[in-house]
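Think of it as A, B, C and D in the order they're written, each chain with its own count starting at 1.
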Amino acid sequence: MTVRVAVNGFGTIGKRVADAVAKQPDMKLVGVAKTRPSFEARLATDRGYPLFVGGAGKLEEFRAAGLSVAGTADEMFQNADVIVDATPDKVGREYLAKYQSAHLKAIFQGGEKPDVAEVSFSALANYDAARGKSRVRVVSCNTTGIVRAAAVLRARYGVDRWDATLIRRAADPTETRKGPVNGILPTFQFPSHHTPDAQTIFPDLPIATTAVVVPTTLMHVHVNHVRLRRPPASAADVIAAFRETPRFHVFHSWERIEGTPQVLEYARDHAAPRSDMMKNVLWEDGVHLNGADLHFFQAIHQESIVVPENIDAIRAMFDLAADASASIAVTDLTLGLRA
Amino acid sequence: MTVRVAVNGFGTIGKRVADAVAKQPDMKLVGVAKTRPSFEARLATDRGYPLFVGGAGKLEEFRAAGLSVAGTADEMFQNADVIVDATPDKVGREYLAKYQSAHLKAIFQGGEKPDVAEVSFSALANYDAARGKSRVRVVSCNTTGIVRAAAVLRARYGVDRWDATLIRRAADPTETRKGPVNGILPTFQFPSHHTPDAQTIFPDLPIATTAVVVPTTLMHVHVNHVRLRRPPASAADVIAAFRETPRFHVFHSWERIEGTPQVLEYARDHAAPRSDMMKNVLWEDGVHLNGADLHFFQAIHQESIVVPENIDAIRAMFDLAADASASIAVTDLTLGLRA
Amino acid sequence: MTVRVAVNGFGTIGKRVADAVAKQPDMKLVGVAKTRPSFEARLATDRGYPLFVGGAGKLEEFRAAGLSVAGTADEMFQNADVIVDATPDKVGREYLAKYQSAHLKAIFQGGEKPDVAEVSFSALANYDAARGKSRVRVVSCNTTGIVRAAAVLRARYGVDRWDATLIRRAADPTETRKGPVNGILPTFQFPSHHTPDAQTIFPDLPIATTAVVVPTTLMHVHVNHVRLRRPPASAADVIAAFRETPRFHVFHSWERIEGTPQVLEYARDHAAPRSDMMKNVLWEDGVHLNGADLHFFQAIHQESIVVPENIDAIRAMFDLAADASASIAVTDLTLGLRA
Amino acid sequence: MTVRVAVNGFGTIGKRVADAVAKQPDMKLVGVAKTRPSFEARLATDRGYPLFVGGAGKLEEFRAAGLSVAGTADEMFQNADVIVDATPDKVGREYLAKYQSAHLKAIFQGGEKPDVAEVSFSALANYDAARGKSRVRVVSCNTTGIVRAAAVLRARYGVDRWDATLIRRAADPTETRKGPVNGILPTFQFPSHHTPDAQTIFPDLPIATTAVVVPTTLMHVHVNHVRLRRPPASAADVIAAFRETPRFHVFHSWERIEGTPQVLEYARDHAAPRSDMMKNVLWEDGVHLNGADLHFFQAIHQESIVVPENIDAIRAMFDLAADASASIAVTDLTLGLRA
């Protein structure tokens, strides 16, 4: 079976998911929808993706730009089995009724509230929960980072308590209107919204997240302190556990990856699409174990980390793979994540 | 005569103008208006400024914060001879009819279009043009910086042509929602709006301004190339001319003022109110003269440079001083700009 | 008794300590030493502080800049009872022998290792330990922030465990050569050096600190999670405890202090010298108590927080005050910290 | 003939030049030299480039990291016809004697002074001047940007005068120790060093460059004002001229490329190696012609713009192509610059 996928919204997440769908052997990208002409709209046509005018977009504007348009988003929906909604935060919900009335399955992103979907999703954690579902929500970038790590630590060692400080990037590289330019902004809500979001997937995860925003565009960094129930002998065991798990990359000490700029330089050097880093990034030097107390840093690439999760969500919803491992294996192979 | 001044809006500009008014021997601050409680609203009451609730503000919110409120902005207007409008860009115009129907004189800031007032103003350039007027607009920070320098150069040397590249700060320090965080944004309009704005004061000024936005909060920097009509013998003459003029500060080479951070450090060290720098800032090392071609850098402190101009505008509108020099002398003495 | 104080090094810390010494009723500033002419050297002479040429500085350079010099640092040392060493990190130790051979008491900053002095110091925590001592080290800005908070929490509630993530500013405002410009840099050493540094003062403090560096110049922010031994009834109790203690400032919710930029704007508005914030800064909204688990943010102004500590250290070394409270009261009154 | 190329230094420039050499039909990459193990050293071995230990590097360190090393840089030199020196600024000159004694041709980067080589080089401007030479210097990134534009404008319209303000990025993305974090730093030398550097290639170019440094990592932006001798009818002609010339990219208005972040996003989207932009970047909206006065912005990607120039320099030195056009055609085809 080949699932016909349409992507509504062709910005930071949408364009990446579209590229990823186009690489899957069991999926077909039937189109992408965008509301105005731009270099990103042109990218769609350059790639041969059918381009549809979404939202309140105007066909004339696309024509004036010389962009070939295949129709309206409504028309796109008719040819799809599933929509990946990658519209801006809160807009996805506005489309919910439309997707439902068109009897379309739909995937929402983490900017929507959990009740927009039947289940919140992260492939390493609860693939099976999304099997056959009609509406699935892929949790946000920070939550994906937490839940992936939780999947490893819970299964192997048990988690008694987890404190995480999320040092969030202020804006994506092209979000040039967002700040701050200079300063640190605490998030006063405690725990931050990432805690209940992670608990949509692991309801009993004993985590408390705190968040601050800092003036950088590259990646988030999580500072984690986890009290393990059945601690291993050494930090090396933990490092090995992460290395054995898909969607984790642990840098060696001698690689001299000082921080997030070097992480993305590594991605650039290795010809990752868009210089993205879709894996959770850890450092050997940044994993410390003292008795049951595990401290580790992880860096999360906000632009791309949820992309493979969207692909696996599609596969689960249409039961295209035998299990999570099988889906992840295909996704990671096609996206170049198995190096 | 003591002019009764009210300040509508108590943010970056309003709070500075209020402080400056409070220091003038010929003015009385009758109140400031703010729309919501905040640390800045508290500052007004700490200073003993009558605090009025402006715009759509709610009295209950102020009371809940324990702030003592003197009434509504409308009540404030009744006790004033002149309003300094320091509301956000474009909001001043909305107040125009109200000020007029109350027979109040009014000063607007550079964020409003020129036709909001009878005349656009900068004290060194056209003090007399504002004498007796009812509505005066103080030009914006960048334009003030240009016009001050133009006042010096035109009178002494004549200006045949002027190219200015304005390297603009992205946001004020507390505008934490504004970016960009990383990147340079050209302003494609050419010349930038600063050219016609400067020409509201010097209609024949042969200037062409170009603007870019960069990720800093401290000051703008202007890169100027002026072709002089009657060039002096050396850059030293130009430096002397600026040093002799009020509202210019020229740093010595040995002071090691590398850029805008050191300029504001100088202001901090010298106990300038709010660590502000209300003068145009130049560097000896940054003034070069080759024949008729003058190149110079100037740094412009966007938060404070228009403050003394607002004071002089009041004085001109009520004819409180014999001439520009007399007004500037009082303003600069009271604001600590005569060091 | 009036203690004669000399300050060796007149940069970020030195100039602030000199200003603070000059305000003390029981101290006399006999001079400051600087190695090269600059706007900061000029500040010394503007303030009437005897200016001495320090380190490898050259008298001619000062003369060429028109700066009046009182002699060499060695001459300055002869007229002092105590030196506040505010030279760059690691340079203080190089002076140690010189101070000792001149039979001078000396205060070192936190950039030196603890063994440079007889005792490490923070006024709220161990004032008495510095009484009569000859060599005292004031702990660094981040450590001072931690130790002050520890002094409050230990005494009132007991501390069973403390995790702190220190989000460090990349550079001071005028350290224009330091980065990063864009990116987050974890400190891989765990615990970070702040843990043993805090334990120089509270040896049994069960704290584990983690540090990251982010691209801002304004303040550090600490994200704290403290397990209290004898927890109070509510967060309001903790807030009250901090408010009752000198050198803490807790912002109200309605003040809308979103982050470090607004904290320093508050200092600017209130005419704090150099717009400094010498107190630990907390937010009502940023203090949460769940059972014994206390979470709170605090912001630390790296440029100024140690200044009052240096003053109290002098007072302790010469036994100028009856006890810590008496010293702190004088220091805070003279520095404007009692508002 | 296949020229054997070795690259000394495998950082920002070296790794890009190595990749580019490896793609040329008439060149063979015989090795790269690096002084210490790192993720970049590993990249060399991952790509199959023979890795040599350069400078004061230690073989043991590479072995400890599990990196396979082919020998020392001296050994690498023996198998090469030409060295591309991509060592840090000023280090290239230290190697000069070694290259000469080994009878090796050598290419230096713009961080070295012009007299390190027989000729300074930029392919569009003076390809023939490098034919058969033994030592060639590729001018720096900013100078390359200027000289490319000069090659277009001189030939077509003549240049009577050119003012350029260079708004320089503070640091490359991975230069995490460099600042400033917040502030604008003027370069007081006038004209800046880019003027004489451009004149190493066009000795009579009537340009005057001014430079400032701003806190961004992405790209430089040049603000240009050129007085043309034989101006065309409209800005559209100029835009067409740039579009017809290799190594220029002019964005359309409707593409909504607001600034340097979107330029690099375009490169990311189009799978440019390392998300680089090796062309001068202009904007239709940012080209203005008024009579003979041409104003235009161009963005210069400091990390990659000189890469094709290094390739063409090799080709000229060994006379591998009929002329500049022929060399550029091959270079641009292999590097993906002909889209």
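In this section, contacts are C-beta pairs under 8 Å (C-beta built on N, C-alpha and C of every residue); 3 or more make two chains touch, one makes a residue touch a chain.
Predicted model, so just to flag it, every value in this text is computed and none were measured.
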More contacts between chains, C-D or A-D: A-D
Per Cα centroids, the chain farthest from subunit C: D
Averaged-CA centre spacing for the pair subunit D and subunit C, given as whole angstrom: 46
CA centroid of subunit A to CA centroid of subunit C, Å: 42
Centre-to-centre distance between subunit D and subunit A (centres being mean Cα positions), rounded to whole Å: 35
Contacts with two or more other chains, residues of subunit B listed in rising order: 173, 176, 180-183, 185, 215-217, 258-259, 261
Touching residues on subunit A, where the partner in the complex is subunit C: 163, 165, 167, 169, 180, 182-186, 188, 190, 208, 210, 212-219, 221, 223, 225, 258-261, 283, 285-286, 288, 293, 295, 297, 299
Interface residues, subunit C side, partner subunit B - complex: 15, 36-40, 42-43, 46, 61, 64-65, 173-174, 176, 181-182, 217, 251-252, 254-259, 261-262, 264-266, 268-271, 273-275
Residue ranges of subunit C in contact with subunit D within the complex: 170-171, 173, 175-183, 185, 215-217
